[in-house]
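Some structures to go through are shown next.
First chain A sits with chain B, and in the next complex the same chain sits with chain C.
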Partner chain A sequence: MSEPPIRAERLSRFYGDVIGLMDVTIDVPPGITGLLGKNGAGKSSFLRVAAGEIRPSQGHLTIFGTPPFANAAVHRRTGYAPEGDRFFPEARAGDFLVHLLRLSGYVRREARRRAAAALEEVGLPTVFRKRLAACSRGMRQRVKIASAMAHDPDLLLLDEPLSGLDPLARREAQDLIRRRAERGATVLVSSHVLHEVEHLTRNILLVNRGRIAAAGDVSEIRALLSRFPRRIRIECADPKRLGALLLAEEGLTALRFEEGALVAETDAADRVYAALPGLVAGHGIEVTGIESPDDRLETVYDLLVGGGAE
Partner chain B sequence: MSDAPRPGFLRALAPCFTRALHTFLAGRKAVVLVLILAVPPLLALPISARPEETRSEAVVAVLVFLYLGFLLPVVGLLFGSGIVLDELGSGALPYLFTRPSPRSALFFGKWAAALLLGAAGLSASLAGFLQLAKAPPPGEQFVRHAFLAVLAAYPAYLSLFALLGAFTRWALLGGFFYAFGLEGFLGTIPGMVRRITVLFYARSLLGEFPAKRFDVEFIFGPDGPATRATSLLVLGGALVVFLAAGAVFLSFRQFTPRNTGRE
Partner chain C sequence: MPVFEQGYRRYSGSRARRIARWWPIARTSFRVTMRWPFYAVLVLASFPLFQKIFEVYAAGAGAALFPGARIMFGFSDGLFYDLISRETFFTVLLLTVTGAGQIAEDLRSGALQIYFGKPIRQADYVIGKLAAAVFSALLVTLAPAIVLFAACAAFAPDFSFITGNPLLPLRILGYCGLVSLSLGSLVLALSSLARSGRSVALLFAGAYFLTMLLSRVLDRLFMDWRFAAVHIGKCLDAAGRSLFVDGPNPPAPTDLSLGMIASIFFLSVLLLSRRVSNAEVVS
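Moving on to the complex of A and B:
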């Protein structure tokens, strides 16, 4: 039987007294897998170990059958976008990608060609010479995704890649990730927002307190979450106009306006999320941020951890 | 799958060197370097107005205490401690260490850039100082030895502090403690113990001081300075050992993110 792209066996990672991961045994299959968990659940620890940034404290993790830490053979086949958006602040976006591609073995000319192509692929064809420090958070996120993909890796490890993106950019990034998977790459993508991952894959790993709380099809998790009405907070230039447009959507139970934002309460969050890109694009409303405090899986965790689900 | 050839050490060295050079030149360190290295040439102006006998002593004092005792370790620390820690602080390390190129290439590339910039800066400062102070009242040979001391000791300091930076996040503090606590302390203990400091061999490269007011025995101990050959050998050996240890250590080192509770 062939080795899965990622295999963890009794994997634990500690940071002093703090547990990052605890006794995780899991195989990540080819295709896209969503790594879900709230902040501090252990998602980034798993990705850091998988990317070879840090070693396990106990147990094993292998990428294509070999341990990843300081392993050039694994790094050649892996593209990793760490969390956070603070990196190479003094560099220009293109130079950042060219540098990383040269560290991946490409000569300067090929590195420049690939860097330009990767920026175009993430929808930033004009930022090659723009300083990263001057880029918006969403731009830096996309540059980060480009850095992980530019050398055509077999395995993509993306830590919260959709965080900070507006709805349209988020949709584009999701399409991009899907295309990579269709071309044969295995993708492990983390998020603390369920619907983000749902648009990418049915296959999820739910992490809580360093352990795998659930693994498998998203519909099972979805079913748990759908029992609860949820709030969606949308930061935009014209909240009242967007609110009026959203009133036409089914399942909206309440609308509340804040300064520069509106909070929609709904028991059909899927419909709202599906309708948003079309509404903002069709009516030219600038959306600067979107978050759903209730999507952050606390409710599901409460059920899972509290014994409400098998 | 990536079709790139596996990047060897030499292939990865060039981009690391170029980027480090660019980063150093564009960053705050270049400003600090210029500011501190401008101090001796400024001091040279009042020195040049002195009569020849006291000018000689002042020039030697600046070389022995300001260049060898202060500027060399400070410039070494400024660049050396940041070889790894700058990347850690800027959030770049996870990107760099998850690429297939050897980590040692990053280390050596940045070290080489720091060596070039630091040595160029120190040489320019020293040349400016000697020119403005209307040196060489101490003698041309002494001036040649001064350049030799600066250019031989700086790489040793740089390598020592680079190793420290690969070893701990507290490299800056540790480096200051070494340079201004330990060296100053060990350097004045009678006997052989002062011979384990970089400073001793740097000063030894100056040879006999041409200014009589300096107590050679106080600075070097009863056995006097080491020979020039021994000094070069020790400083060169220290450079190789510190650099190799830093590169090897870095190959195995993992840097745990600071903000990690459970992420």
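Moving on to the complex of A and C:
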């Protein structure tokens, strides 16, 4: 089997007494992977080790089979957009990209062509000659994404790429990331805003206090949560009647009534879902909506990271 | 099929031919230095050149206007030694205002992370920065020397000056290279020690003038001319004199001076490689 794009084995990174990453062992598959975690969880540390900016304190991490630190061959195949701004303050957006592309090995003419194309791709075709210092935060964020993508890397490491973007730009950036993945690039994108990642991928890595709390498809992670009760919110015309019917179902642990809805808490959500159509149809209860708040990634995140899984 | 379940496909983007990776760094670094202090030093550095051009003119084509000039001045290697050794001071001045911040500012602004996130080696970065500093220095050493050489060729009564000095261009190149490379590497090494260009500028200029003072004091105190080699300016002067003029009084022993210059260069390169090669910038 071929080497995964990113492989970490017992990877730890310490900043003095502070733990950045602790004993992380993970394979990041091709495609888009979301790196989720709260601020200070270790997302940026993982991305910086993967980008070859910092060395692991213990263990090791490989990109396409080789360690990335001070490795030009890896940097040639990697595009990294860090969380903070890293620009030459006086530079113009286009010149900055041209300079980075020249460092990546492109001749001036090709670098200019690619810089213009990259700016166009992130929706900034007119800022080539605009000073970065005069650009808005959203513009600088998009220039940063362009700088990571302009040399067509095989691996994109994007640290909070959507922060500072307005909703429309965010949607465009998400489409852009998806397009890159469809063209064969592996994308590791970090965020602490969960719905941003939900829109990009279902393959996630959940980081907490420097450790991987969970990894895989959202549904797989949800399966890990079987020991936690799950909630089902049913909007209907007669919540109390439906509640009484549901009490007969096995695994129901709690019932709560809201305005025009009831919230059932259960250890066996599948049974409740299976029984619900029969109950509703058999007793003529009009149901206007069913949702499970625990199906949302936010809940998975809160349960795993917020102490539920510890 | 979801994207993450697809097999890994390498995107076949076209890659241009390999170029010298240090070149974009050198070019950008040099462009950054081109602000008013740079031009001011260039203007100041042109005065010794104008003086030498006048001397050459007076001794050659303008001899009829200045009858005594041929006795005072003349066409010799010494002209170039004199010019370049005087330009050494302006090289220090230029590197103080333009070279001091080269690496310090990169360390401060996090630009090193930008560079080392790209497929360049640490050597490319150091060579690029050194090339920018050396090129700046050559503008006040080699460029005036070339202009003076052209003036000599234009104003000399015949071509014997040129035909009689076949090694002169090499000597000029050697002396200018020595001055530019040693001072350029020194200012960059100091620049890699700090995050503020101003502190480095003070340190570099301070070290230059303090060692000059120290060499004089020690020379007088111990009556030993070897102490002159404490000052890099004197060392360069002695090296230049050995290249151009066989005079009896070099300012410092030539062997010792060349040893000092070599030591400064290698120590600077060593320091640069240590400071830059392990550039793991933790923000």
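Following the convention adopted for this analysis, the second predicted complex is superposed on the first by the 220 of 310 C-alpha atoms of A that agree within 3 Å, B and C clash if a C-alpha of one lies under 4 Å from a C-alpha of the other, contacts with A are read in each partner's own complex, and residues count from 1 in each chain.
Here, a contact is a pair of C-beta atoms (placed from the backbone, for glycine too) under 8 Å apart; a residue touches a chain by one contact, two chains touch by 3 or more.
Keep in mind that this is a model prediction, so the values were computed, not measured.
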Exercise. Taking chain A as the common reference for superposition, should the pair chain B and chain C be classed as clashing or as fitting?
Worked result: clash
Exercise. Is A:Ala41 in contact with chain B, with chain C, with both, or with neither (first, second, both, neither)?
Worked result: first
Exercise. Once the shared chain is lined up, is A:Asp152 touching chain B (first), chain C (second), both, or neither of them?
Worked result: both
Problem set entry | Partner chain(s) touched by A:Gly52 [first = chain B, second = chain C, both, neither] | both
For this session: Could you say whether A:Ala281 touches chain B, chain C, both of them, or neither, answering first, second, both or neither?
Result: neither
For this session: Please work out whether A:Ala133 is in contact with chain B alone, chain C alone, both, or neither, and reply first, second, both or neither.
Result: neither
For this session: For A:Ala254, select first, second, both or neither according to whether it touches chain B, chain C, the two together, or no partner.
Result: neither
Problem set entry | First, second, both or neither for A:Tyr15, with chain B first and chain C second | both
Problem set entry | chain B versus chain C as contact partner of A:His75, first or second or both or neither | both
For this session: Would you sort A:Ala181 into first (chain B), second (chain C), both or neither based on which partner it touches?
Result: second
Exercise. Can you tell which stretch of chain B collides with chain C among 40-48, 112-120 or 130-138?
Worked result: 112-120
For this session: Starting from the residues of chain A touching chain B, keep only those that also touch chain C in the other complex, and list them.
Result: 15, 51-55, 69-70, 72-73, 75-76, 78, 80, 82, 84, 86-90, 99-100, 102-106, 110, 151-152, 154
Exercise. Across the complex, what residues on chain A touch chain B?
Worked result: 15, 18-20, 39-45, 48, 51-55, 69-70, 72-73, 75-78, 80, 82-84, 86-91, 95, 99-106, 110, 147, 151-154, 209-210
For this session: Going by the contact rule at the top, pick out the chain B residues touching chain A in the complex.
Result: 1-7, 11-12, 14-16, 19, 23, 26-27, 90-92, 94-103, 251-252, 254-257, 260-263
Problem set entry | Sites on chain C touched by chain A in the complex | 2-11, 13, 15-19, 21, 23-25, 28, 32, 109-111, 113-122, 277, 280-283
Exercise. Contact residues on chain A for chain C in the complex?
Worked result: 2, 5, 15, 29-33, 51-55, 69-70, 72-73, 75-76, 78, 80, 82, 84, 86-90, 99-100, 102-107, 110-111, 151-152, 154, 178, 181-186, 201-203
